[in-house]
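Both complexes shown next keep chain A, but they swap its partner, so chain B is in the first and chain C is in the second.
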Partner chain A sequence: MFGIYSKARRVFALEIIALVMGLGLFSAPSMSADTIKIGVLLPTSGGGASYGIPAENGIKLAINEINQAGGVNGKMLEYFIRDTKLKPAVASAAARELITKEGVHVLVGAVSSGVTLAMSEVAKQEKIILFAPISKSIALTESKFHKYMFQSSANTNIEGRVMAGVMKKVEAGKICATGYDYAYSHDFFASLESNLEEGMAIVDTFYVKLGTKDYNALISQLMGSDCDTVAGLIWGGGFVSMVKQANPFGLFDQKKFVWGAEVGSHEMSNSLKGDYPEGMWANSYDLWYSPLSDAHQAFLDDLAELEGQKETNMYPVTTYNAVKFLAKAIEISGGTDSDALVTALEGMAMETPLGPMTIDPETHRTETGEFWGPMKKIEGSDVLRMSPAEYVY
Partner chain B sequence: MRPRGGVQWTLFGLFLVALVPVVGERYYVDLTTQILIYALFALSLNILVGYCGNLSFGHAAFFAIGGYACVILTTTYEVTLIISLGLSVLISAVAAAAIGYVCVRLAAMHFAMLTLAFSMLVWSIAIKWTPVTGGDDGFVGATLPDLISNPVSFFYFALLIFSTGLILLRVICTSTFGRAMIAIRENETRATFMGMDVRKIRLQAFTIAGAFAGLAGALLGLYNRGMYPESAFWTESGQVLIMVLLGGMHSFIGPVLGAAALYILETMINQYTEYWQIVLGVILLGVVLIAPDGLAGLLSGFRKRKDDSVTGVDSE
Partner chain C sequence: MFIQLMNSLALGMNLFIIAVGLTLIFGVLRVINFAHGSFFMIGAYVLYSVVKRTGDTALGFWGGIVVAMLVLGFIAWLVERFLLRRLYDKEHLLQLVFTFALVLIVGDLVKIIWGPLQHSISYPPGFGGATDLGISRYPTYMLFLILSGPVIAVSLWLILEKTRWGRIIRAARLDRQMLSALGVNVKAVYSAVFVAGAMLAGLGGALAAPRLAVEPGMDALIIIDCFIVVIVGGLGSLWGSFFGAIILGVATIFGTLIFGEWEIVIVYILMVAVLLWRPWGLLGRIEEDRH
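Up next, the complex of A and B:
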């Protein structure tokens, strides 16, 4: 008899646990009533983690600074981060969860343009500001623009125009363009082409599948082309693979190379070390060894302390600026009402570690610059650096 | 496959789900809507995997086709919602019939690989056909009728579609056709000798599964106000397969439990740690080891032990 009761009790106990868990699911979420909540959506796992995790450091740094100075209008900032997994549907669901469960007042993110476009749709429906510091697609603030969308990244229009200036410097002549076959590359090269000066033209375009690891066909195509300069946009791990596969063929000795997509960052040159093609013109959002001002140096020092390394990443500055813009808007508007924040952000000018930035009241974009320059070997180090590095808009 | 009192429990479950907007906050309304969509998707796959015994790695193709068809019809061509939904199901069914016609000629792993290949073909089309699908950025900004633009009204709309799908699938699975699918799963050779047109039944199952996946995809497209190429990617097929296995592929309602469990786990763990993959992996591993027949098998095991203990039968 005892055994029977024991089993019945076990089953009953399990039912109770299930019931309690069910009730827990429906109980009110824990919320800190007196804080300003920022919802952050970044890829923190898989292939996008190398972008998302450093970007989170910028958020942390900005929030630490603001809170140490007493917060905004007496309220502390806190952030809630969710992994987008680089999937638009996942990011949409996470954005909704941050708004409806955590009660965030603004959203910041993401990395991939497709993911940010999906989040933008949620922001539009929920009437909440989405600040995009990294995604470059111009569609965010053009064809899919809505009043709650703000973009502070160097978009394809800016980056293409700046690269056209670099092409003039290197006397590019005939150009072949190569990048991943998706919106970013297409929009970028359209901008580059429209900004090229007379005597320069894109004569060949070679697209490769996003995420490909085998660049042999591309290398043959580039070597076979009679172009003088290669304009590239392959990024991240793909750039590393492409360079390692191209080096044995001497591809980088045959032509001039101008490469966007932030392959001039320390992260990228550190990955390739001695394999990095010397002389390649490249760009980066930030460079730890090239402070523009005392304020920039102070930012780099603080970031170095947070990251535990003096060779800091380039993405933190983008998210740092986004949080600073939002905090200033909250301070000016005196609250977190989205419409009031939009009014405060439109036309807002702010001093950032990289200089002054202003949000265009019409397009909701900022003119974000980037460091551009040729990559060179530095005595005593096997990691190439951009030298001279010029910060251009 | 026909649990005792299953219909009553299912109706009771649907009644409880219908109460979510009444007792729960907005977050739970959204969460339940998403679960309903993925539960319908998982139920559709179970027609193939659980009933017919055909492992598909490309089921997301029909999910994406239905989703894209619906948002394109409602937004680009301004077709009414009901007609768009109907056409989305029809287009998904036609695509499934065409793809299935080739796939059902093969068995086991070859079948699975071919479904995967077709799924990636659909994904490539979604990426490349930019003027129609929005390309890599996806189809963003789908329009919805005012009637279902509110989260609560959309929830009841999704619940209505899910319930309809659930009932239809239940009717199909408990029909003679459902029995024929089980017969094929259990012993294809014997089913052939019994006079069944195995290839035809497998094709019909493939088409039905594709049609209901398309319906789930259409719901997702409407819910997200957009559709994205990732929905056709093989990882999406893998995820829905995990939902089916987790819930129990030899139970009609198992995929619903699997979809709910996986979706809640993914969402909740992501809220507490950036290392959600490790935690989720450990939990899934534990569930699979403890309950090889899925959550439905675990629940029926508990119920059996409870009944045994009440009647004094020692099952140990």
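Up next, the complex of A and C:
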């Protein structure tokens, strides 16, 4: 009896050791004094891969540039990427693993505000900087703010305010709003509503669950509403599906459409081609065909070389800027101490491919612009383009 | 109201075409195939590749659907013949882990072959607009989906009930050893059913593709709905899947209209209610001893 018990206990003990080692709790952080380590958390599988993989290109480009110029204070940069799978629990576990096992000095990510909010808790507990170049919910730097959190995306306050300006241009009148039912859409529409001029109002709001693939109920609701303009925030593949399902109903001929969430990007219009609703006002972080300056053109050329295509993606510029900010902070502070980096980042001004950006020392946010404009057919191409595209914030 | 009913049917019939393969495979092989969603996704991607080469032509689209089914059939044959066949006599957990591993492998392969960005397929020529039904105009392609569901259901029923192959498949569900003793090559039957189930998933994926973004992760979205359909309808039941799919279509569309973002709760309450009332599903059978 004792023998059996003993064997069982030994097996149990071995399992525990294997589990703990598997979790990386016993493995020493592979700290190297020679490199500065950036932990990157992006969705690289499933539906989020269309965001995460292009965003990783921005990280690569910035690190390549910095290292080719001799690194930061003589040290090379390297990055460790983990797949968030667009899930908050996966992202926070991966963030802890990057900190404890890989010994990363700063974190960059993620996509989807819910995911980044979960990572923000880890950053707060571990006292390590989390730089969010894509997630937009203002909660990241307002209600859930802590000193290690920085946000360089066109946050919901900015995007909502800019969309209110677009609404004025298109003489929106009565507006119905639609988006996924989570922090981004709720924060955005609150900002849009508070910035609308007199004579315009949100009269109906239709939320759909994140991951919806059948939009027929929403299409009926939009067609049944007496609103003049639709303000939309459904993004990614969901936007493609919604447009494909709405086209046969003729929805886009009935009302005016102003859509945020970067559906004006080239990758989105290239995906939909002739099915893209002509005349829809949309936005994008970057447009390969609309350089703002020589510096922007140089960035686009370098990115084109990295991606192996002239028609580059939209997200790299966001993560590229994040790495550049962090590298500059490391250079100024002379090391990777989180508190010293926070001090360096607060109030930091930098020239980026899209113009000057400054981090507000109080809010830890930057005023980030986006390209906005109506989507139009271009002669000789079946892919619609934003024309004219205006960079606003 | 009419439009919503039609929307519910269109959604339901599309789900049926995908889920019926899952229920067929479970009914005969007793394997819960998590990779069914992956087969659906491959069907959509193969059609995309064909249409990209042929352009938006009728031949390209309909021919692409046939190609998608054939590709899925070949993949399924390889999977069954060289991998899954080794697991029939093992515990169910191993089969689950195996099909789940397929999900991960296919997910990464799709990303490597077709890239991470979304793709889109136009409706086939003649199906992009709306048809006047007297009461209302309704998208032609969705009408086609509504009609193709019953056609596929009746065709499968006829094959299962009226042909020699159908009789063998039904016998394989009941008593594998007896069938084998009678000289039937049961291994070939299992292989054929798995291939047919995967081809139906491919057909479902290809038919759904013009209405969806073709993108990585589309498998994960569909597999949950498929499981709801077959659990509500009864695992292994053809007509159970048919009615389960219609119920899910109605619950999804009307749930969204009435309860908004709480629609998902309605779907799960429905599933729990069916399981409490009839744990074997609406048209499923109480599990008997199998040999």
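By definition in this document, the second predicted complex is superposed on the first by the 361 of 393 C-alpha atoms of A that agree within 3 Å, B and C clash if a C-alpha of one lies under 4 Å from a C-alpha of the other, contacts with A are read in each partner's own complex, and residues count from 1 in each chain.
Convention: contacts are C-beta pairs under 8 Å (C-beta built on N, C-alpha and C of every residue); 3 or more make two chains touch, one makes a residue touch a chain.
Everything numeric here is computed off the predicted structure, so don't read it as measured data.
Of the two partner chains placed by the overlay, only chain C lies in contact with A:Ser220; chain B stays clear of it. Contacts of A:Tyr391 after superposition: neither chain B nor chain C is touched. In the superposition on chain A, A:Arg82 makes contact with chain B only, while chain C stays out of contact range. In the superposition on chain A, A:Tyr289 makes contact with neither chain B nor chain C. In the superposition on chain A, contact of A:Lys273 is made with chain C only, not with chain B.
Applying the stated contact rule after C-alpha superposition, one finds that A:Glu97 touches chain B and leaves chain C untouched.
Look at A:Ser45: by the touch rule set out above, it reaches both chain B and chain C.
In the three-chain superposition model, chain A touches both chain B and chain C at residues 44-45, 181. Interface residues of chain A, counted against chain C in their complex, comprise 44-50, 52-54, 181, 206-209, 211, 213-214, 216-218, 220-221, 236-241, 244-245, 247-250, 267-268, 271-275.
Taken together, the chain A residues at the contact with chain B in this complex read 3-4, 7-8, 11, 14, 25-26, 28-29, 44-45, 80-83, 86-89, 92-94, 96-97, 100-101, 113-114, 117-118, 120-121, 125, 137, 139, 144, 181-183, 210. Chain C makes touch with chain A in their complex at residues 3-4, 7, 10-11, 107-108, 111, 116-120, 122-123, 128-130, 139-142, 210-213, 215-218, 220-222, 252-254, 256-257, 260-261, 263-264. Interface residues of chain B, counted against chain A in their complex, comprise 23-28, 30-31, 34, 127, 130, 135-138, 140-141, 220, 224-226, 228-231, 264, 267, 270-271, 274, 276-277, 302, 305-306, 308-310, 312, 314.
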